[in-house]
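In what follows, structures are represented as structure tokens.
Both complexes shown next keep subunit A, but they swap its partner, so subunit B is in the first and subunit C is in the second.
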Partner chain A sequence: MLSVQKTGAPRMGGVRNPVVVLSAGFVIFIVVAALVGPLLIAHDPLHQNLMTRNAAPGADFWLGTDNLGRDVLARLIAGAQFTLLVGLGGALIAFVAGAGIGLSALAIGGPVPHVVFGVVDLVRVLPGLLIVLLLIASLGPGTGPVLFAVGLSFAPQFAYVSRAVWVREMQSDYVASARTLGYGRIYILSRHIAPNIAGALVTQAAIILPRCIVTESVVSFLGLGASPDAPTWGRMISDAARLAERAPHAVLAPLIALVVLTFSLSMLGDRLRVRLDPLRRASATTPLRKTMI
Partner chain B sequence: MTHLLEISNLSIDINGARVVEALSLAIDKGECLGIVGESGSGKSLTALAVLGLLPLAASVDAASAIRLVGTDITRLDDAAMRRFRGARVGIVFQDPMSCLNPFMKVGAQIVEAIRTHKPVSGADARRQAQNLLREVGIRDPERRFGAFPHELSGGQQQRVMIAMALSADPALLIADEPTTALDATVQHQILTLLKRLRAQRGMALMFISHDLGVVASIAERVAVMRHGRLVESGPVHDILAAPRHPYTRALIAARRRMVGGRTKGAGQAATTGGVVVEGLRIVYRAKHSLGRSFVAVDDVDLVIEPGQVMGLVGESGSGKSSIARALAGLARPDKGRIAMLGQEFTRQSWQIPRHLRGKRQIVFQNPTGALNPRLPISTQLAEPLNAIHGPTGQERVDRMIQLLAEVGLDESYLDRYPHEMSGGQKQRICIARALLSDPDVLICDEVVSSLDVTTQLQVLDLLASLRAKRGFSMLFIGHDLDVVAAVSDHIAVMHEGRIIETGTAADIIERPTNSYTRRLIDAMDAVRLPQDLSDDFHPGLLGHIETGVGATSFFAAG
Partner chain C sequence: MKQMVALATTLGRSALLVVAIGILVFFFLRIVPGDVVDVFSVEGDLTAAQADMMRKELGLDAPLPAQFAAWVGDLLAGEFGTSVRYQRPVGDLIVGAIPTTLVVGLGSFVFGVTLAITLAIGAALWPKSVFAVMVNVVNVWSIALPTFCVGLVGIIVFSIWLGWMPVLGNIWLPIIVIGMDIAGQLVKTLHEELKEATSSAHVRTARAKGVHPIRLIVFHLLPTAAPLALALSGIVLSGLVGGTLTMEVLFGLPGIGSLTLNGILGRDYPLIQATLLLLALAVVVLNGLTDLLHTLIDPRPAQ
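Presenting the complex of A and B:
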């Protein structure tokens, strides 16, 4: 049924769009590499060997070594695990915190949403990175705090999306019908808003995911990330940047990986947004006549 | 003699699906052809094809030809078509607000249209634009020239659209549902304007509408379309007096039956369900301190006797829906009281007590918006039963199936989602949902306005039979006075938030005392299908349609 529909129309920016296909392929490649890569690579990402410092890519070290003689490929793969963890974990924390706070406030009603969204507004006007740095400074370093800080800095976006869907759905006639029956906000939230909000929030998560990765890399680059030894892409770039003229491979490898991964994830997220765009569906439900007041 | 416009064998595909099939039509110089059809009949696509404005996904079959003043426009490239469009053929669409650029003064938009087609100076174009505005009946055109679209009323906006369409003196004007979005009195004015312009300019008119009455009031010939095919065409009088095709007959019969009398009065000896509204006032407060509040309803008194139907008519913005929303508990009254179900609803206590939940119910205009697109029908029908702590388990399912049967649907609909159903089916589901809690008061807010004519008839018949059986009282809101009169025992006419006249349905129609009501009735008279023609019908001709069962099965097939 679905496949029949898919073959029919010429689809602009559809699955057949080569950029989307390549993006999906690269994301899958990184995920597989992060999962099985450590089993295939002989080198330890943390092993230092001052004899082979800044070695160029070759048969022994496929992507060369860094300034402490560590294998760049092994570190890249170890970093991929951490990067994906930050992306998924950060987006998940942002999702739960943002949608949770936003929707609970809306469900409680009265002055609560005004107060909560006032605070959300205040948080939102600050640069996201500043919030992350503030949170890390107060929570201390480590993987957990970094995840938490990155996730929380994107939570306002989810709160806003929740409120947008809430406002739209609350004006719908099926909510009016439920209210006529005497149902309250909690019921309407769980029965009517929740199924309609899921798509928008998942889309938002897909858009936030690469941004979490970039934010974490910046934090790592600034030397505030997870533990100093952990091979994250941001730290690899930071460490190798000082010696970029002598060992360009050491900085280029994580840099290219970061750019291509975030680009690919953004492409896929955007594609998902177009696919799930509620406005596209709304156009099909426009009434024949002008609504009478 | 060659025709001004000759469409021959026109077929249009969208994504491989045939939407217009071998259509042939012709319009002569100065003639008005009406095209009638329900949504999806391909009438608008035909108009767009004549303008060369079909959507990208659409393709015109190679065997088709659209000859406008002798040129086959299906063979023209974009540049040639642009010169043709506007100069030879102009169009007026349904919703003027969405066709006018909101950031541009209307005068500038007309000047732009003029200068696209004629090499005239700015001052000349300005003078011509003002003349056009005067010609389409805009008072004080010099001042209106500098107005933005939102400063004009819907009727004035449509006049501006017509002025733009006329700016290059086209030989053919296409009007695609030009009055559908307008109130009855404004519709009357626009139709009068179009008739006058046609006579003055000797211009041909292709008038597209779903409303046979409107088309009959303006066109000389009418073409009836259905499922992309031409069903029947001929002089308006002939088609109305002796339609040959069963679909045309059904269309005419549907409208006549819709406005024909129904069994009224209390279906059962109803004692509950009376509604008394006294001094109701509803104000929509401004969102911020500097905004103005809007008084939607002011000092309204209304009495619905138990088991009776009160019709509420008025134009858009008159406050009809606000009254519906207040009765349904969706809008809080600022003043006054509503007494129903043995309970007083006022500003202080406007929420329904638990034990009365489900005793008043509402059905909305647009059934697509009234059903949650993400939930199966069974879940949505469970809502009223949960509210009244109704039966559970198998008993609940039986109850739903029974109600589905009452609204003419079978139990397979329980597992469906709204997008798998037609508009009429969705409205039946909405009615079933409203009746599951066995209400004493049913509020119907424009319940048939978004449906096709034949579906409207089914829904109205359904409501009438359910009311006769269950005996609830009803507030029936509509903008079509004839339909409201056919359904209601009493009618209240609303204008600018107040009720200006109430009376029995017959009194309001035959002996209106208020000047606004009279204007409303005059506007309806102008587009009413001539009832006397029905006397010419051979009874056998309509036999299978006049019997309810035959009609239903015929429409269901479509």
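Presenting the complex of A and C:
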């Protein structure tokens, strides 16, 4: 494992890689802003004031107002909460559904894994956005369905990762000895395999987190996201896009926030992959995978 | 013989996949209450009696298995049904929308693959040139920038600030935006592979002989790069479908993406079923083709 890694991201010495530091800083900044921001901002993200619509950034409204006179900064902060929720929630749902189903199937053994992964193969062929659209079409709009749809669309990747690590661990010597000693699959799974695949799964979650965020923003942008009033970044972008001529700041603020946040999260996720992922040798030549749709 | 078996397996799997997706789409759409008649009721103040009558007309009052059988029967007869919202045969709508989607999808694919091959070859031959920088720039570009964000900024800059082109119906901007995205996903892997190719014996010999760079590229590197890029393109498919869909909506292009979205917004079952099935079919076929290409280029994994 000491060999030189050929990963997509250039390996600069230690943690001091400036891109990683800046990314971490920005993510922390957004998290703090989402938590503390609402206490500091005087404006209500939902308060409309048609007298001050499309106001340019200034002393009163730091980032200006949108087409309904709502404060862009306040909406940006409210949107940050929602965006982080979608990222974390989506990754969590993908994790529970993907790794949960995948590992249970493998633990049961027999023909079950073949059937389950056959189904996973089926779903995986469809483009993620189509799966999300189909799920939203059937579940209806709203925060819950969107979260669920985004999470489920990424579940197959967790299933694959858990299977890959499972197969590798099952061939290892310590599992072979545990089996020789007569321990059951469940015991081996919980005592030996689970701790060993945690790293790979955490990495996968970190990689999927920004993808969930972008998918949600695309869905919101298409008008299928949470409720029309909810200040999500995708919805802010799509609402303000129609009036980009008069109020470009109202489009650019959420757009830049979205781009920088997802980029930062991708960079951190990739960093984590290089650090933690025991599968990295297998995918050493795989370049930094794409985050976006 | 082995290849024939592999081909048959692929075809069988693909067929099974399309059938499974059809079933999935049909029943998923009907899990949640609220059909097209409800949408009309809200929009047009239908009375309960009118709504019931409309449901009867559309066959939505029949039990699900019967509806499913009717749909499959129609499909087998080559009928996609009638869109409730557009009041037109779904087949006609799709035929009308396909050219737009094909132009955008194919155009951006060709642009993206060409760009990726050009940059990868340039960077492999001249590692210190601007090509090498561009490989990284395009790669990071596609990681950092969702296509709809790029498209929007493009609209703001080129259409609104500079006034160069109209926003709606513009086809060049979407092609460039999706193409850049595709190039970014391919270029890094392609570059890695070509770096090995340039250090291989035949390329070194050719360079030592003083073969002209253009000759070197056309006869020695392109034959390696082009099929490789096509085989790799399986990984960009899902991005291509998603990107085309979003760009169509953003630029107001009358393609399959816009049609699907309108169908979903209006809960127009026949339309959504047809477009989703069509998109799934396209993805499955293209995936099968790239897999096949992969085995033709590098038969090792299949054996």
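Following the convention adopted for this analysis, the second predicted complex is superposed on the first by the 266 of 293 C-alpha atoms of A that agree within 3 Å, B and C clash if a C-alpha of one lies under 4 Å from a C-alpha of the other, contacts with A are read in each partner's own complex, and residues count from 1 in each chain.
Simple rule for what comes next: a residue touches a chain if its C-beta (ideal position, glycine included) is under 8 Å from a C-beta of that chain, and two chains touch if they have at least 3 such contacts.
Small disclaimer: the values here were computed from a predicted structure and weren't measured.
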item	value
Partner chain(s) touched by A:L135 [first = subunit B, second = subunit C, both, neither]	second
Which superposed partner A:I237 touches (first subunit B, second subunit C, both, neither)	second
Touching partner for A:G182 - first (subunit B), second (subunit C), both, neither	first
Touching partner for A:Y160 - first (subunit B), second (subunit C), both, neither	neither
Contacts of A:F29 with subunit B and subunit C, given as first, second, both or neither	neither
Winner by number of subunit A residues touched, once subunit B and subunit C are compared	C
Subunit B versus subunit C as contact partner of A:F221, first or second or both or neither	second
Subunit B/subunit C common contact set on subunit A	8, 285, 287-288, 290-293
Subunit B to subunit A touching residues, read off their complex	15-16, 39, 57, 95, 154, 180-181, 296, 315-322, 325, 328-330, 351-352, 354, 357-358, 360-362, 364-366, 368-375, 380, 383-384, 387, 430, 433-434, 437, 446, 449-451, 477, 479
Of all residues in subunit A, those that touch subunit B in their complex	8-10, 172-174, 176-183, 191-192, 195-196, 281, 285, 287-293
Partner subunit C, residues of subunit A touching it in the complex	6, 8, 122, 125-130, 133-140, 214, 217-218, 221-224, 237, 241, 244-245, 248, 251-252, 255, 258-259, 262-263, 266, 285-288, 290-293
Complex contacts: residues of subunit C adjacent to subunit A	17, 20-21, 24-25, 28-32, 34, 139, 142-149, 152-153, 155-156, 160, 181, 184-185, 188-189, 192, 237-239, 241-243, 245-246, 249-250, 260-261, 264-265, 267, 272, 276, 279-280, 283-284, 287
